[in-house]
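Next, two complexes with subunit A in common: one pairs it with subunit B, the other with subunit C.
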Partner chain A sequence: MTGATLASIAGGESRKGRLLSNPKLDQWICFWSIPVFYILFGVIFVLLGRIMPPPTPTMSTENIIAFMTSPNLSLAVVLLALSLGMYALNSGLMLTQMKRMVGVSPVLRYAYIAVLGVGGLPGCLFPGYMFALGAFRPEYDPEILAMLYDLGFLCFVGSLGCFIIQYVVFTIAVFLDKRGIFPKWLGYFSIWTLVTELVATPVFITQTGPYAWDGLLSFYQGTLIWVAWQTSVTICLYQAIKNQPLEELGLPLKENEL
Partner chain B sequence: MQTKDQRICLWIAPFFGLLFVFAFWNFQGFFPPMSPTMSAEEVAAFYRDHLGHIRSSMILCNVIGVSLIPFFTVIVVQMMRMNNASRVFSYSYLIAVINGGTLFALADLAWLNAAYRPDRDPQLTMLLNDLAWFAFITPVGFVLVQNFCLAMAVYLDKGPAPIFPRWVAHFNIVTALLMAPSAFALMYKTGPLAWDGAISFWLHIATYALYIAVMFFVLRSAVQKQADEETMLQSSWKEQTA
Partner chain C sequence: MLSGDGAAIERVPDFEMADQQTQSRARFPGQPAMWFFVIGDLWIFTCYFACYAFDRGQHSAGFLQGQLTLSQGIGVFNTILLLTSSLLVAFCVQAAREGATALARRLLLLGGGCGIVFLLVKASEWYLKISTGLPEGSDSFFVYYFMLTGLHFLHVCLGLVILALVFRELKKAGPPHVAFVESGAIYWHLVDLLWIIIFALLYLLR
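Up next, the complex of A and B:
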C-alpha cells in the first residue's frame, strides 16, 4: 500500500472512485452479501413460501395439499436455489477474519466452514426441494405429499447437529483468540444459541406442544435467538473488517501457506 | 516444481469429460431429455424399458460424479496466487464447489434408486425421478457464486502480470447468467424453462461444456506461466549462488 493510494482513499475522490479503490473491497462485497442473503431468506421463507412460521405437524391431507399448492411456494424455492450459494461468500469471509486470530490454528476455521458447507444442504436446500416437489405435482398420492411435508419441515427445523458444531467451533475460536478479533461476549452468546438447538431435539418425536416443529421452544425460541445471534455476528464482522490494519492486506500466498 | 500436481488435476478434466459425454449419451433420458409431463406410468415404463442403460450410465456417473473437483481446485490454487487484498474469493469459491458436487451425487443416487426396483409403485419411481432432475438441473446458485467469485478475483487482480486475462472474468459472468434461469425448472413443466426445455436443459448443458473446455485452456496457460516463472527463479538463484 503506497502513501499516495492511502491519501487518495482518505481524500476527496468521487464516491464511486473511493468505493472501487477501497483496499478491502473484496471483503466488503462478501460482507454486504450477508444482509442481502438474509433479506432474501426472509422473503423466501416468510413472505413467499409461508414456510416460516411453520404450519402444524398435525395438518389434514387437504390442508397439506393446500399448503403445497399455495401460489408462491415454487417461486420461493426457485429463489432459494438461485441465492443459497451466497452463504459461501459469508463462510469465506468468516474464514478470512478467523485467519487473523492469534493462538488459533487453521483447524478451527477449516472446521467452521466445512461444517457450514455440510449444514446448508440438509437444512435448507433439501427441504426446499421437498416442498417444490409437492408444489410441482399436487397429483402425487396423498401419502407421498404428507411424507414430503414431514420431510421438508423435519429437515428445515431439525437439522441441528451441523449448526451445533458450528457454534462449538466458533466459541472455542473466540475464546482462544488472544487478539480479540471478535468480542468475548459473542462466544457466550454462541453457547446460548447452541443450547437452543439442543432444546429442539425432541422435534423428531412429538407432533404437538412446545417441542413440535411449530412449537414455542423448538421453533420460536430457537429462531428468535438465532436471528439475534446472526445479527450480532454480522455487526462484529463489520467491526473486524473495519479495524483490520491495511498492512495485513496481502500479497498472494505461497503454495505452502494455503 | 509445484505445478506437476496441478497439471495432473487439469488433465483429469478432458478424460472424465469424455466419460461424462458417454454416460449421458448412454442414459437414454438426456438426448432428448425426459419430459416432466410424463405420467407416473410412463416414467415407470421408461425405467423398465431402459433398465440396463440407466443403471450402467448412472453407476458410471456415480464413480466419476465429482471427478471435476480436482479441476476446480486448480482454479482455487490459481486464484490464491492472484494479487488480491485477501483470499476471501478463493475460499468462497471452494465452498461453492463442494456444494455443487454434493447435489450431483444426490441426483445420481436418486436415479439409481428409481431404477433399483422397476416394479415399484410408479408414483414412487416418479418421485425419485423428479428429485433427480431437480437436483441435476436447478441448483445453479452455487455455479453463480463460483463464477462470481472467480470474476471478482480477476477484476481485482492488480498485479503487473495478472494470472488470468481480463476476458476470463467477463466470460465467467456471462456463462453464469446463461445457466441461472435453470432454477425455474422447479416451477414449469413445459416451455423453455422446464427441465427438458431449450434454456434449462440445452443451453445449460451446452454452456457448462463450453465453460469447462474454455477454462481448461485458460488454466493450462496459467499453470504453464507459473512453471516458467518458477524455472526462471530457480535459474537466477543458481546464477547468484554460483
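Up next, the complex of A and C:
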C-alpha cells in the first residue's frame, strides 16, 4: 500500500494516526511476529540448546549427561515453553489469507490449522520437556538420561505425519486456488518439503549414516529445504497481504461487520 | 556458389516466419512453475543418489548382497513400461498441439495405463521382497531400496493425478491449453528419468 492511499484513508492525519488506521494493521503485526519468532527459534534451538544441528545418536554416555544437564539447554527450554505459542500468529495469518482463495474447500484451511496445532507438540514441546528433565534433576540415572535424549531427538526429528498433511493440504489449496493468492511454484515447493519428511522415516531404525537423526538426508537436507520453504512462504505471505484490495477489508468498518 | 547463397537468403524469411509461429512453444514448453519443480526435484534426488553412491562405496559387500537379490528382469520390464508410457505421452502432446484431442486422450489413457501397471509390478516386487525376507547384512542397502523406489512410487502416483487433470483438460470443448498439457508431460518424463537412474543404480550397477 502506498503512503498516499494511507493518507487518504486517514484523512491526512499524523503518522501515528495513519499507522493506527491502517486497515491491515492486524495482519502486519502478525506478519512481523514471524521473523521475531524464527530469530527466537534460532536462539533456542541453535545457539542456546545446541539441539540443531543434532548431536549423534551414538554419543557416549558422558557426553549425553553433559548435553542433558547443560544449564543453557534448560534456559532454551524455558524460552521455548514461553514463546512457542507465537507460532499461532503465523498460523492465523495463513488462515486469513487462505480464506481469500477462490475454488478451495474450507475443509483444507481448517485441516491446515488443526494439523499445525498438533504438529508443534511432538515437533517442539515434547522434546523440549524431555531435555528439561536433565537440568531439573541431574542425579537421574545416566541410562534414564540417555533414554530421554533418544526420546527427545526422535520426537524432534521424527515428528513427520502432521507436517506431511500440512504440506499436502497447503499444496492442494495453492493449486486449486483460482485467485492466485500464493504463486503456483510455492505449491510445488511444498511437495519437496513433504518428500523430505518422508525421507526422515528411517530415523526410528538407524543410528548412523544419512538416515540417522543427525544424517545428511534426514536432518541436513530436510532442514535446508524447510528453511528455504519457510522463507518463501513468508515472502509470499507479505506479497499476499500487500496485494489484498482494501475493499475486501470492508472499509469503513460497518456495525454489521464487527 | 553464388546461386547457393541466393537460395539461402531466400529461405531465411520463410524460416523466420515459421519460427515466429511456433515461437512460444518452441522456446519454452510447459509452465515455468513446472520447470521450477522439475529442476528442484532433480537436485533433491541428486542428493539421494550421491549419498547412495557414497554409502555403497563404504559398505560394498552388504550392498552387493542386497542388490543380487533384486530381479533385473522385473527392473527391465518396468523400465520398458515407463519408456513406452513416456513415448505415448509425448505423442499425446503432439496430438494436442495439432488439436486432435480425441487421439490425444486415447494416447494419454494408454500412457497412464502403463503407469498403473508399473505401480502394480512395483508393489508385487515389494511384497515378494518382504515375504521372502532380506539377507543378513544388507539392511543399509534395503533402506535405500525402499526409500528410493518408495519416493519414486509416490512420484508416479502424483504423475497419474496430473495426467488425470490433463485428461480433463483434453475433454473440454475447444482447443486445449497446450502449455498445461506440456507441463503434465514434462512431469511424466521426470518420473521416467528418475526411474532410469534408480534402475541403473540399484539393479544394474553391481
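FYI, the second predicted complex is superposed on the first by the 233 of 258 C-alpha atoms of A that agree within 3 Å, B and C clash if a C-alpha of one lies under 4 Å from a C-alpha of the other, contacts with A are read in each partner's own complex, and residues count from 1 in each chain.
Please note the rule applied: contacts are C-beta pairs under 8 Å (C-beta built on N, C-alpha and C of every residue); 3 or more make two chains touch, one makes a residue touch a chain.
A quick note: this is a predicted structure, and the numbers were derived from the prediction, not measured.
In the superposition on chain A, A:Tyr188 makes contact with subunit C only, not with subunit B. When the shared chain is aligned, subunit B comes close enough to touch A:Gly92, but subunit C does not. Using the contact criterion defined above for the overlaid structures, shared-chain residue A:Pro210 touches subunit C, although it does not reach subunit B. Between subunit B and subunit C, it is B that contacts the larger number of residues in subunit A.
In the overlay built on the shared chain, the residue A:Val199 is in contact with subunit C alone; subunit B does not reach it. Of the two partner chains placed around the shared chain by superposition, subunit C is the only one that A:Gln221 touches, whereas subunit B remains out of contact. In the superposition on chain A, A:Pro245 makes contact with neither subunit B nor subunit C. Within the superposed three-chain model, A:Pro71 lies out of touch with both subunit B and subunit C [touch as defined at top].
By the touch criterion stated above, A:Gln27 is placed in contact with subunit B alone, subunit C being left untouched.
Residues of subunit A that lie in the contact sets of both subunit B and subunit C are absent, per the superposition on chain A. Here subunit A touches subunit C in the complex through residues 183-185, 187-189, 191-192, 195-196, 198-199, 201-202, 205-206, 209-211, 216-217, 221, 225, going by the rule given at the top.
Chain contact summary for the complex, subunit A toward subunit B: residues 23-27, 29-30, 74-75, 77-86, 88-89, 91-93, 95-96, 113, 116-117, 120-121, 125, 129, 132-133, 136-137, 140-141, 144, 249-253, 255, 258.
Of all residues in subunit C, those touching subunit A in their complex are 31-34, 36-37, 40-41, 44, 47-48, 51, 55, 140, 143, 147, 150-151, 154, 158.
Subunit B makes touch with subunit A in their complex at residues 2, 36, 77, 80-96, 98-99, 102-103, 123-124, 126-127, 130-131, 134-135, 138-146, 149, 152-153, 156, 159, 180, 183-184, 186-187, 189.
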